[in-house]
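Letters A, B and C mark the chains in the order given here, with residues in each chain numbered from 1 onward.
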Amino acid sequence: MADPRFFSRAGPFSLGELAMRCGASLADAGLAARMVSDVASLDQAGPEQLSFLDNPKYVAALPSTRAGACILHEKHAAAAPAGLALLLSPNPYLSYARAAQLFYPAPPAVPGRHASAVVDPAARIGADVAIGPHVVIGAGAEIGDRVSVGAGSVIGMGVVVGADSRIGPSVTLSHCLIGARVTLHTGVRIGQDGFGFAPDAAGHVKVPQLGRVLVGDDCEIGANTTIDRGAGPDTVIGPGCWIDNLVQIGHNVTLGRGCIIVAQAGVAGSTQLGDFVVLAAQSGVAGHLKIGAGARVGAKSGIMTDIPAGESHFGIPATRVKDYFRQIATLRRLAQKKGGPHD
Amino acid sequence: MADPRFFSRAGPFSLGELAMRCGASLADAGLAARMVSDVASLDQAGPEQLSFLDNPKYVAALPSTRAGACILHEKHAAAAPAGLALLLSPNPYLSYARAAQLFYPAPPAVPGRHASAVVDPAARIGADVAIGPHVVIGAGAEIGDRVSVGAGSVIGMGVVVGADSRIGPSVTLSHCLIGARVTLHTGVRIGQDGFGFAPDAAGHVKVPQLGRVLVGDDCEIGANTTIDRGAGPDTVIGPGCWIDNLVQIGHNVTLGRGCIIVAQAGVAGSTQLGDFVVLAAQSGVAGHLKIGAGARVGAKSGIMTDIPAGESHFGIPATRVKDYFRQIATLRRLAQKKGGPHD
Amino acid sequence: MADPRFFSRAGPFSLGELAMRCGASLADAGLAARMVSDVASLDQAGPEQLSFLDNPKYVAALPSTRAGACILHEKHAAAAPAGLALLLSPNPYLSYARAAQLFYPAPPAVPGRHASAVVDPAARIGADVAIGPHVVIGAGAEIGDRVSVGAGSVIGMGVVVGADSRIGPSVTLSHCLIGARVTLHTGVRIGQDGFGFAPDAAGHVKVPQLGRVLVGDDCEIGANTTIDRGAGPDTVIGPGCWIDNLVQIGHNVTLGRGCIIVAQAGVAGSTQLGDFVVLAAQSGVAGHLKIGAGARVGAKSGIMTDIPAGESHFGIPATRVKDYFRQIATLRRLAQKKGGPHD
């Protein structure tokens, strides 16, 4: 179903294997040998395809699906049509992610170095590394085993990239140590100077930026996102962080593990995010703040104070979500009121 | 007048020809043979130059202009000085755009393939295509006739680019089908993975992104803008859309025809915009919404609900423009009030 | 202390030389010959290192520092521990910036032209220019003495770059004149078309963008920032401006000298900023406005009207900072009130 110009499909797989490999259990063990050949949405899937139900909004589509099998939560099993093989999972979307990865594994990097790449003799290149056309790798860089580097990417002097990382095209890296199994999408910029200078009417004076960027294992960083290196301390992206497109991370910022930073958000210098913090799209966090573990920041919000662990904040300047929406409701009532206090 | 290092001027043109080709009519048909050699603003133009009046703010500059000719609306003709040739147009800015295109046509792509370009033998390259230095084109890609591809751009496996499209330098394309007469400015990123994963404390799990990006004919997309491919369905940019710089378009988003998305705006996953929707600068639209045809979103606004066709919304969260400014006015009055209800 | 994979340290320097070169005076002239070998923060520095105290928040760290020398304001001298050599400065951060530049000077560009670079024979290249791999320089371009051009950057036809400027990797320049001693970080886009078109239901019509971008001396421009060329007039960045990452500057905008534009901010077309204007992160200024010299715009603010010189504005739409926070306080009180006017 996915366009074969762009995607190669693996499989088919038996339901028994799929259940085992994606953390689900087959409701009818007798169907373990049934084969499915692809994934598809509930309304698009046919008898040879595997679908899933996660968002309750789509329960209505379940009775009429023509899919051969479906990953879903036990509580929705009763609504399934006869003949549909059920793969029960406590987390259907997670199970679907694993199943879809089986059918559409990331294309393997083809080891080799394109003739047009410029690799410094003093760079250390691991085994089975794929280096694309027009790539540049500087002296002292260390590229781990099975890393792929997309066309036109520039890896500066001394940069370290961990094993099995995938670097897209047109990426530039300097002054950074990248972990293993990291994905950097096209146009990512890591390690350039932070925005550090002493303001002066006779001409602002640059403060040398003497730190690095450390990116933990298993991170994914989106297209055209920029992460500046530290001014003295390092900028740190914890393991397992997912960062979307066009995000800005300032110097000395530290992110804990598993943070989620959505598109066009920004974090100003020296701010610290705990583990699993979520910053929604276009939000911003001022500098020198502490955002506690598990805190959530709403889209477009502007954070000007610390946030305790686990809280959700929204607005500019942001407050607790509940307070913010109460303020909005109050203002709307006052504005609609005739004969109100402002007349 | 434009710097000849950067621009080549065509012409001169007769007023008769200009009127015909830019949708205007000459107020004095006897001036059809008068020649003009360039375009310029009302205050800068001389006797051999063509100017225009569109924004009413500049009516005051009309009586004293030294221009030889001026495109303007009939209603402003009376304010014109004697000797100024008038090209009457119901839409002077549109007519000016066409006239300026005659004097300064887009420079023709010079067909050819730079020796440093890496073009897969299994790519299909049309007639009169211009491929710049260090370009990379992957297997199975199809590049239409008269397309130009700027230096260092990377066109992935299977990508299709329609005839007469212009791709700037440092663009990366993957998993996408680009229409005809499309302009992609420098640093555009199209077709990379959407931000799709199943959150999990043991490590977020990527959901393979199995869709494409379809860009319609006659679109223009600005520098460093990012458009992610669909998760299963496609991301669709309708024909004739104009997208500015540093814009983010999430996976599965669909734009109708002629939408205008101004700089640094963002559209989250699976949202649908009808025809001719306008998103002003730095605005954001949350995911899974429907924005009706002709709707307008104000600068910096945050859209959290559907917008009916034709409405203008503003604010965070956004409401109808009129309601928003009434709320602002109410709040300002209350804050200024002494002895008000909050004292 | 800085990672030697990425940084080369100069020195050691005597305190006498440091004081002289960074605008400080040694409190005890008898220590002029004492040598220090590096810079470090107050809590990290050892006896051979130079530290500094600028932010009053760190005064508490002064008595226990092990640093050998410290740049600080005279008013903090009394809190210094015995044995610490004091370099007194009216602006300690500025003095520190100069000292750090001595220890960590920008690495010199290594003159030469990589064999893979494509330089048009009709480009004029100055003395001691460093041209990296896969660079492209067009006909008629003029590159000043001692300029460095990073790998994969594309400098278009006719572009001028002043002496001693540093252009990072993956930068694209067209239709622009860049001053001397300018730093352009990776992914900067300067001179592409502005967002100019005549809207039309039959298809928006491009208005040729016939101006240039003029960047003054001593500017610094951050990663993936975009600056469009003028529509007819030029886009002008005054000397000594510091622009952070992912900033958008629209066509015809003019910035005075020494402006500071923080990450993800945007300035819409034809707006004029006076000298030393500060736009904080994620702020936006609408088009055709005048922002007076020394004005300051708060983070995430949306400017919809002119700002007089020297004023600070905040909010969406923005007002004077004091008024905005009074409004916020008023709204919070009203929302908390029981039995208030909205019940």
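Criterion: contacts are C-beta pairs under 8 Å (C-beta built on N, C-alpha and C of every residue); 3 or more make two chains touch, one makes a residue touch a chain.
Just so it is clear, the model here is predicted, and its values are computed rather than measured.
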item	value
Labels of chains that are neighbours to subunit B and to subunit C	A
Homomeric contact subunit A-subunit B: same or different residue positions, threshold half	different
Whole-Å separation of chain centres (CA-atom averages), subunit A against subunit B	29
Residues of subunit A touching at least two other chains	116, 134, 152, 170, 187, 224, 246, 264, 282, 300, 316, 331, 334, 340-341
In the complex with subunit A, residue positions of subunit C that touch it	1-3, 5-7, 39-41, 91, 93-94, 96-98, 100-101, 103-104, 106, 114, 116, 132-134, 150-152, 168-170, 183, 185-187, 218, 220, 222-224, 240, 242, 244-246, 258, 260, 262-264, 276, 281-282, 299-300, 315-316, 328, 331-332, 334-335, 340-342
Interfacial residue positions of subunit C with respect to subunit B in the complex	116, 118, 134, 136, 140, 152, 154, 157-158, 170, 172, 174-175, 187, 189, 192-193, 195, 197-201, 203-208, 210-212, 224, 226, 228, 232-233, 246, 248, 250, 264, 266, 268, 282, 284, 286, 300, 302, 304, 316-317, 319, 323, 326-327, 329-331, 333-334, 337, 340-341
